[in-house]
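Have a look at these structures, which come just after this line.
Each of the two complexes below includes subunit A, the first together with subunit B, the second together with subunit C.
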Partner chain A sequence: MSEFLEVSRLSKRYTSKRGLFGAARSMYAVNDVSFRMTKGRVVGVVGESGCGKSTLARLILRLIEPSSGAVRFDGLDLLKQRPREMRRLRARMQMVFQDPYSAIDPRYTVADAVMEPFQIQGVRLSSAARSDMISGLLTMVGLNPQTASSYPHQLSGGQKQRIGIARALALKPALLVLDEPTASLDVSIQAQIVGLLERLQEEMGLTYLFISHDLALVKYFCDEVLVMYLGRVVEALPNTDAPARHPYTRTLLDSTFQPDPKLRRRIQPLAGEVPSPFDLGPGCAFAARCPRASERCRVETPLLAASGGGHAVACHHPD
Partner chain B sequence: MNALAQSGVGRAFTTPLGLFSGGYILILLVVALTAPWITPFDVTIQDLANSNAAPGWPHLMGTDEFGRDVLSRVMYGARTSLSVSATAIGFSMIVGMALGAAAGYFGGLFERAVMTVVDLTWSFPDILIALMLVAIIGPGLSSTMFAIAVAYLAQFTRLTRAQIVQLKRETFIEATINLGATPAHILSRHLLPNAVAPVIVVGMLAIGDGIILEATLGFFGLGAQPPTPSWGAMMSSGTAQLFLAPWVIIFPGLVVAVTVIAINLFGDALIRALDIRERLRGT
Partner chain C sequence: MSTILKVEALRVAIGALTPLSSVSFSLEKGETLGLVGESGSGKSLTAMAIMGLLPLIGGRITGGSVVFDGSDLTALPEPAYRKLRGGRIGLITQNPMTSLDPLKKVGSQIDVVARLHLGLDKSAARNRTVELLGELRIPEPASIYHLYPHQLSGGMKQRIVIAMALAADPDLLIADEPTTALDVTVQAQIIRLLSDLIRDRGLSMVLITHDMSVVAQACDKVVVMYAGTAVEYGTVAAIFDDPRHPYTKALIGCIPRGLAGAQRLKGIEGTVPSVAHYPQGCRFHPRCPRAEAICAAVSPPFIASRDGAAACHFAGAVG
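And now, the complex of A and B:
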């Protein structure tokens, strides 16, 4: 069986000019990212803000055109699809967005919003089937079917995110990319949304690419984890119990909050800041902040290398 | 969308200024629509025995040098002025929205080309552009309309483009693209419906400016040709007997002034009622 989703050497480079005569600078938002996803699994992508998580999500769905690399979805090379084919293919790969507040057109009722996917993909429904579908979708995401006639401004953030999920799942996609779906919600609502996503994944056999900066949530929710730092994948964990080997992953794990004071451990805070992503030189991007950095780290970029059991790490001095 | 616009228009009438200005505009609209049937005198019939009669009975606003009833001609002139200005602005609005939306959505070289031409027209005073165009095409109502439409095109194009550029960044646009929507769907179902309210209000204000421009062209003899009554042309003919029969120039001038003020006041009331002041800034 071919891989469900295969991302190979995907990069997105942005160039910008400072002023009229300034020298052009460039940065890689996503740099040489490769990974595979198996059907039915939940893969998490973690990293600080600005590390390229969201760009990666949009590159995979071809909402942004990559600078180089390839994305294969169910055996199809996405970047070779023509606009018309791509539009049809989008029905099978959907996304839930970070900001539920602006994810629905303010002029659309809930019913219009959840029916729009069918309208766009040219699925015609009788009016009876339509109202069945609306209440079916709203019930599926835990909303009262009576909200169908509401406008977005009458709904809470959590309700809007549920509608975002209903819209994404309306066409029964195989892949769902979740771009920080809980980041702008209250903690109590976050738990509800995560519970809903878990239930839907089991019921519909969905494959999730779950993007988050919340490591605890990713550990709870995902089967595999990719850790990103400044556009690169620095470590791929085959399961959430695998011990972290990259120094960056270790500091990330250290930074998660441990509610039980007896379990609190000594934390080594990271020195320095994330370097400017513009015109990164050779060497490991993390070298300036890494306690283990050696001369080699500053001149030679470490590549992601498999270290057995599906684990891969990009470090010259892994644990 | 209609319900929203209607409730907004309804709210515009709730302030005293909005009520008076809106009421005046409604009355003027009724007069303009029914002018051929309700004017007390025929607008073209000359009565030389009664020329330059002072306001009184039966000529409430007096008569002009040919003895024609000024009130009747002012009423009929509303029909000319409003229809010319509204048609021209409507046309300008549709073209401006299409150009602005396409420029804002597709961007790139097309956007730059459109905006350069549009900004070029905006760098001249309206009246200069209108005079140039009428000079090229020749006087008459249709060239007046064309000139007004071109003179205000920049405004609508810029306003629409600015809003589309801003709306394009909203998550719901990306979400809709990700559902497989075509550019036509995005533009017609999401971008334009969300951008239309401020454009309509600016259009309404521009109708007031259009009336002035139409009157100016009429005053220069480049607009409506005699004997069709228009406010500008009436004022122009009134200059000849400014001291002999000042009412010939005063009444049409007064009506132009009051109409434009009313349209502006009502436009302000609409802006407040629709709560779009923020979105009109900088255009």
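And now, the complex of A and C:
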């Protein structure tokens, strides 16, 4: 199996000035993240708000520029590509955004929206080919081709997200980065969209990077899982049955309720909340909340280390 | 057990539309009842009707009754309602950002509730607030008292909102999506806190949520709502183990369980109808896999089962 996407030591650092006399402060939105993706796999990135998962998605597509590190896509170093080459490459790597309401220009018809990628790539189609393409794409995502002349405000959230997916797939990409594609949808619509994404992945052999805050959904949908906390990957699970070894991953699992009253949990609340990324000192970012933290955790940052079978964990005291 | 809240055949109108009808349930002292449904199901409107807040959105109760601790609230004049709200009925809203005044110290916002409803003087109210913050597991309550909302994290702000709801020692809490805006580990903390409060203070709670997993974790009874009406109610065990309404079944089938070898998610075809376009007969029939001719013509009555009832023509049938 070929290495399809390779992310090496990727970091994004932001600096903020703190008023007239305050010193500049900096924080890492993404901190030293490395992982590989194999073609045809679904890799999930899960974490709470501020963990850097959406920044990671944007860095991979080079929608924002990293501070350091490298991204290789199909053997090409993305950060060395010039804008023109990058634009051509983006036809093969596309993104679906969380909010289908703001991802589509309200003045565009559905047809304009799904054809926008062709326009950006400078592809000209005859009007017959264009209308075939539009109805093909709409049918593929489960919409009636007659939807083509509608405007976004005439569509429901689920229909808009289908348009977002159709547009992302228009140029037949190999990699789809899905940034919380169902987070703003009702649960019955979320299940429709997840079902659609599953079907498209199987039919087209797509590779997905699936960003989500919902561990149950990630466990359901993904082949492999990366767990992020405050900019770092703290655990990489080679499959969704692998038992979690990082205390943070275990906390996430213990905090996720099951839709079954027989599986009610005795909730053992974790102390505190995610600290500000600006004030991180040395050591493990999770140490202040971790039930296992030792003196070592407060001084020495644990690095992601392989623990066999494709499993990796960044913890001095893993399970 | 005695009944603290009994809602019967509640019907609400806004202008010429009837966005809510046929909602009935009863809540015993010490119980938590979940009102669950997707957007547009009428769950928040039910809460507003109970709290006498419909005039704010130009609505009114046009049928049925809301009986709180023996007295009917539907005819209660506004001054009396004002005593009840924040007094014997506490409200916890979804977004702590909008329920807290950004310009006032959080402590004084809690004080004002106790002063207004319990007639405490300034220093007594303040002592009581600090005590209450401690009970809600807020560290260093005496210093938190002096902070402004923007200085607190999301979970801490939600604790302040809970403290406001508890300040006048209510008998009933109405919590409208209290954890929807929070991260999963913080949601677990807040649900644990609310469950402990119900138990320790002998409170009763109406918990409004779109999340069936939260219902399974925290509720004793459930009312499932769809398109402005109740479709099924029962004990939490009955709803999850033996759902009788096809919508309830479908809703449970939409939730990823996060378990290995889980069944494929089944979405529900179509979308929730809007209030101006509620279908004739059963409002779920256009999306229902079981629908027959009668469903489009006749609005189904509630058919009782062992621990609940469902508004479906086939609710009594096996399977």
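Heads up, the rule we're going with is that the second predicted complex is superposed on the first by the 315 of 319 C-alpha atoms of A that agree within 3 Å, B and C clash if a C-alpha of one lies under 4 Å from a C-alpha of the other, contacts with A are read in each partner's own complex, and residues count from 1 in each chain.
Definition applied: contacts are C-beta pairs under 8 Å (C-beta built on N, C-alpha and C of every residue); 3 or more make two chains touch, one makes a residue touch a chain.
Quick caveat: nothing in here was measured; it's all calculated off a predicted structure.
Asker: Quick one: classify A:Asp99 as touching subunit B (first), subunit C (second), both or neither.
Answerer: first
Asker: Between subunit B and subunit C, whom does A:Val274 touch in the aligned arrangement: first, second, both, or neither?
Answerer: A:Val274: touches subunit C, not subunit B.
Asker: Looking at the overlay, what does A:Thr55 touch: subunit B (first), subunit C (second), both, or neither?
Answerer: Neither subunit B nor subunit C is touched by A:Thr55.
Asker: Considering only the touch criterion stated at the top, classify A:Ala216 as touching first (subunit B), second (subunit C), both, or neither.
Answerer: Once the two structures are laid over each other on A, A:Ala216 reaches subunit C alone.
Asker: Just subunit B (first), just subunit C (second), both, or neither: which does A:Gln192 touch?
Answerer: second
Asker: By residue count, which of the two partners contacts subunit A more extensively, subunit B or subunit C?
Answerer: C
Asker: In the superposed arrangement, does A:Pro117 touch subunit B (first), subunit C (second), both or neither?
Answerer: Once the two structures are laid over each other on A, A:Pro117 reaches subunit B alone.
Asker: Scan A:Ser11 for contacts with subunit B and subunit C and give back first, second, both or neither.
Answerer: neither
Asker: Under the touch definition given earlier, write down the residues of subunit B that touch subunit A in their complex.
Answerer: Checking each residue of subunit B against subunit A gives 1, 4, 170-172, 174-182, 185, 189-190, 193-194.
Asker: Quick check: in the complex, which residue numbers of subunit A touch subunit B?
Answerer: Result: residues 61, 63, 86-91, 94-95, 97-99, 102-107, 116-117, 120-121, 164, 167, 171 of subunit A touch subunit B.
Asker: Where on subunit A is subunit C touching in the complex?
Answerer: Within the complex, subunit A touches subunit C at residues 48-49, 156, 158-159, 186-195, 198, 213-217, 219-221, 240-241, 251-252, 254-265, 267, 269-270, 273-274.
Asker: Quick one: which bits of subunit C touch subunit A in the complex? Just the residue numbers, please.
Answerer: 38-39, 137, 153-156, 183-189, 191-193, 210-214, 216-217, 236-237, 240-241, 250-260, 262, 264-269, 271-272
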